[in-house]
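The two complexes that follow have subunit A in common; it is paired with subunit B in the first and with subunit C in the second.
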Partner chain A sequence: MELDFSPVIAYAPTLLSGVGVTSLIALVVALFSVLGGLLVAVISVYTNKVVSWPIRFLIWLFMTTPLLLQLYFLYFGLGEWILIPALMVGVLGLGFHYMAYNADIFIATIRSVSAGQYEASRSLGFGHLRTLFYIIVPQAFIRSVPQIGNNLILMVKDTSVLSAIGVAELVYASQYAISVSFRPFEFFIVIAIVYYLLNLIMEFGQARFERMTADRR
Partner chain B sequence: MTIETKTDTPMVEIVNVHKKFGDLEVLKGINLTVPKGKIVSIIGSSGSGKSTLLRSVNHLEVIDDGVIRLDGVQVNRPDMKGLAFERHINHIRQNMGMVFQHFNLFPHLSTLDNVTLAPRKLKGMARKEAEELGREYLNRVGLADKADVYPSRLSGGQKQRVAIARALAMQPKVMLFDEATSALDPELVEEVNLVMRDLAKEHMTMLIVTHEMAFARDVSDWAMFMEGGVVVEEGTPDKFFSNPDHERTRNFLRKHLSSQH
Partner chain C sequence: MDVNLMVEVTPLLIKAAWITIDISIRAIILGFGVACVLVFLRSLQIKPLQWFSRGYVSVIRGTPYFVQLLLVFYGGPTIGLTMDPFTCGVMVGAFNIGAYMSEAIRGALESVESGQNEASRSLGFGRLQTLTYVVLPQAAGLMIRSVGVLAIVLVKNSSLVSIISVVELTYQAQRLIGSTYKPFEIFTLTAVMYICIVYAVMGIVELAYRRATRYTTLVKRVQ
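And then the complex of A and B:
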């Protein structure tokens, strides 16, 4: 079988817009899931069981059911009641899914910051919330970066699942081109390379952050 | 107890303080008055309640009964609840420097930022002004050249000196030392002791929990021996260390003086 990449070039604009949508989703979901995960983790660690147990249950629920199923629930389930654009459903679904994974990690790293850090901050006169903000959360964040980075790399790849609900990201964008050109392999190879490159950027950023904070542990 | 003094309000007053951990009573009615500018050493074996007492002064341990005052202001306020108490204790703590056995420097901040964080965020000091102040205090503990280094790069002795500078930068009325040299290698103890001696010369009021008998004898105005949650004996260091009244004090001192070189 001979490879012929000319259809890929012909459909480059379609693919590029797919790359754009994928990148945009990845960026928004990254911010949403990291900041949201941090907030959820702080609330879960520092509140009583009445608040923290339901949160832990939701995290567990998001982590033990398939992303695709969660998206279907959001898209078709909520679609019974209100009309939400697929892109919005996709960003929210992927966002909550990875927020759960990130929160799970932040909970562990927040707990790993020693009680002495909390006491030292309080003894200087910082209140509870300021101690969390200036002392506990930054340290937990630095410790979380390797695992959060792994989650985000998985997340970038999982943006492709949004094609199932019709979000015009990279995989979805290529499907039309494949159906008319009958050259699936060429498209799949190029798409794989694009995901690889996107994750290369992610890994680069993660490695840089880890180098920057190497002394601060 | 009374230490002879001419000043009016004592800096720290501990009156009939009781504290229980579950069923275990660790403080059984402790009284202590620390006049301004005086240094009191508290000694005793582990489990005697000496660290708990010191931590109670800063409200890191919540006492069950009794009164603790700083410069005439009551620290523990069982009558206050929630946010009102939080504001009260935060304000009180800004006037008390605490130094811990395990340093507890903030690893994510540079040495200088460790020292300047509280003055900047709690006193609203501008960064430039706070950094000048911070460098001054780092200089006082002999670490001016380590301002931009992170704690992970410092030795134990250097870490503890930065921790002292961090506490001093808030210009506290009293310094509390909770076994400040116990976690250090023997050769690093002296550099921390030197800093504490300097503070003594400047008449900083200090409450020191320590295992270093020679240092306590040298630096203190008053020494106190605790065992099983009570004060067994207290007195001037001369009397206390050379001719204690109680057999238990003698036993403790014998063990600890002989174990030191």
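And then the complex of A and C:
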């Protein structure tokens, strides 16, 4: 057993661009899944069953099937009718997957905001939508910060799965380098370290954000 | 929708589903063992062992399961660790979920009031007796629930094993699509099978939960 990290150094620019793509995907998916999840949750809580049941069904479907299968379904399954670029499928697939998880949390926290808040706001002259936007949603959002943070940390790790459909993120970017240099162990160790660092950053950010919002929870 | 095709491929997919179940059961049992060892090491008053346990959990939880799988399968031979795909899937799944389970088990054990432990020790129970007769029965409900959630995560993660060419549900689905060009039908069937497996796990967890908490819920009702 002798380890040789020189090919890793030689392909450092490729890996760095992979890190860039991974971070960019993570950022877009984070925004998409949190904002989308919030919207989906509000719609599903405050509308009638005709609208909310299909939404619940979709949330349930995304939560009970594997991410990889969902990605394959979007990429190959819908490929029968429309061809979407892999990057789009990756962002949308991962986004919808975590949107379902986030919406599930937001639904619970929206319900946990007491009905008195809604009534008080309405009696002070706020309309229905204004009450939701200014009173209910902010409180629910602050309450769900810890769990949403956990989901986002899981999401950053799951970006690696996108390499299975050919999105040029960190793992996929190194595939070529591995096939040329025959040094899979060294490359994957370095990739694992990069993900670990990303994870540490996420955990640090989560702890900071939780402390910032702790007194308002 | 091509119903005939769906009927035709169902037996093949069920066969592959058994591989998914097989891999998951082995990984869960082995992973539970790994978790128990980690919790045990963490509970010892020996600093290096505690550091090892904490470091292991941190590293495993801090890196993607997918990268761990690729590292062991493709990188393993470099350091003399050659495994067939199935064994690799079981081992990586077990050592991955073990880290998560150790945190779940530790959380459940710590949820039992420390007074219970002290009272039991002062009544003359040894450490092991305290654990088995006093702490575990009270922690069992929470432990079963959180380990059950992780078991479901493991079942869903097992689809990633298809990347290293284990012929489980996802891999079989892809292979069938390659020969039939009907992705929509086959992926729908595959999804239904995953949902069935997940619900079976949920059912087993619920039964185990009821059995484990039959006395504690009784006590609560009497109180």
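What we mean here is this: the second predicted complex is superposed on the first by the 217 of 217 C-alpha atoms of A that agree within 3 Å, B and C clash if a C-alpha of one lies under 4 Å from a C-alpha of the other, contacts with A are read in each partner's own complex, and residues count from 1 in each chain.
Everything below uses one rule, namely that a contact is a pair of C-beta atoms (placed from the backbone, for glycine too) under 8 Å apart; a residue touches a chain by one contact, two chains touch by 3 or more.
Keep in mind that this is a model prediction, so the values were computed, not measured.
Visitor: Of subunit B and subunit C, which one touches more of subunit A's residues?
Guide: Comparing subunit B with subunit C, the partner touching more subunit A residues is C.
Visitor: Report for A:Gln139: first if it touches subunit B alone, second if subunit C alone, otherwise both or neither.
Guide: In the superposition, A:Gln139 contacts subunit B only.
Visitor: After the superposition on A, what does A:Arg216 contact: first (subunit B), second (subunit C), both or neither?
Guide: first
Visitor: Looking at A:Val190 after the superposition, I want to know if it touches subunit B, subunit C, both of them or none. Which is it: first, second, both, neither?
Guide: The answer is neither, since A:Val190 touches no partner chain.
Visitor: Quick one: is A:Ala108 in contact with subunit B, with subunit C, with both, or with neither? Answer first, second, both or neither.
Guide: Neither subunit B nor subunit C is touched by A:Ala108.
Visitor: Name the contact category of A:Ile43: first (subunit B only), second (subunit C only), both, or neither.
Guide: Neither subunit B nor subunit C is touched by A:Ile43.
Visitor: Of the partners subunit B and subunit C, which touch A:Leu124 in the superposed model: first, second, both, neither?
Guide: The first partner, subunit B, only.
Visitor: Show which residues of subunit A both subunit B and subunit C reach, each in its own complex.
Guide: none
Visitor: In the complex of these two chains, what residues of subunit C are touching subunit A?
Guide: Contact set of subunit C toward subunit A: 59, 61-68, 70-71, 74-76, 78-80, 156-160, 162-163, 170, 173-174, 177, 183-184, 187, 190-191, 194-195, 198-199.
Visitor: Help me check something: in the complex, which residues belonging to subunit A touch subunit C?
Guide: Checking each residue of subunit A against subunit C gives 1, 3, 61, 64-69, 72-73, 76-77, 79-80, 157-161, 163-164, 171, 178, 183-189, 191-192, 195-196, 199-200.
Visitor: Can you tell me which positions in subunit B touch subunit A when the two form their complex?
Guide: 58, 60, 86-87, 90-94, 96-98, 100, 102, 104-109, 117-118, 121-122, 150, 152-153, 163, 166-167, 170
Visitor: Show which residues of subunit A lie in contact with subunit B when the two form their complex.
Guide: Going through subunit A, the ones touching subunit B are 114, 116-117, 119-128, 130, 134-135, 138-139, 142, 213, 215-217.
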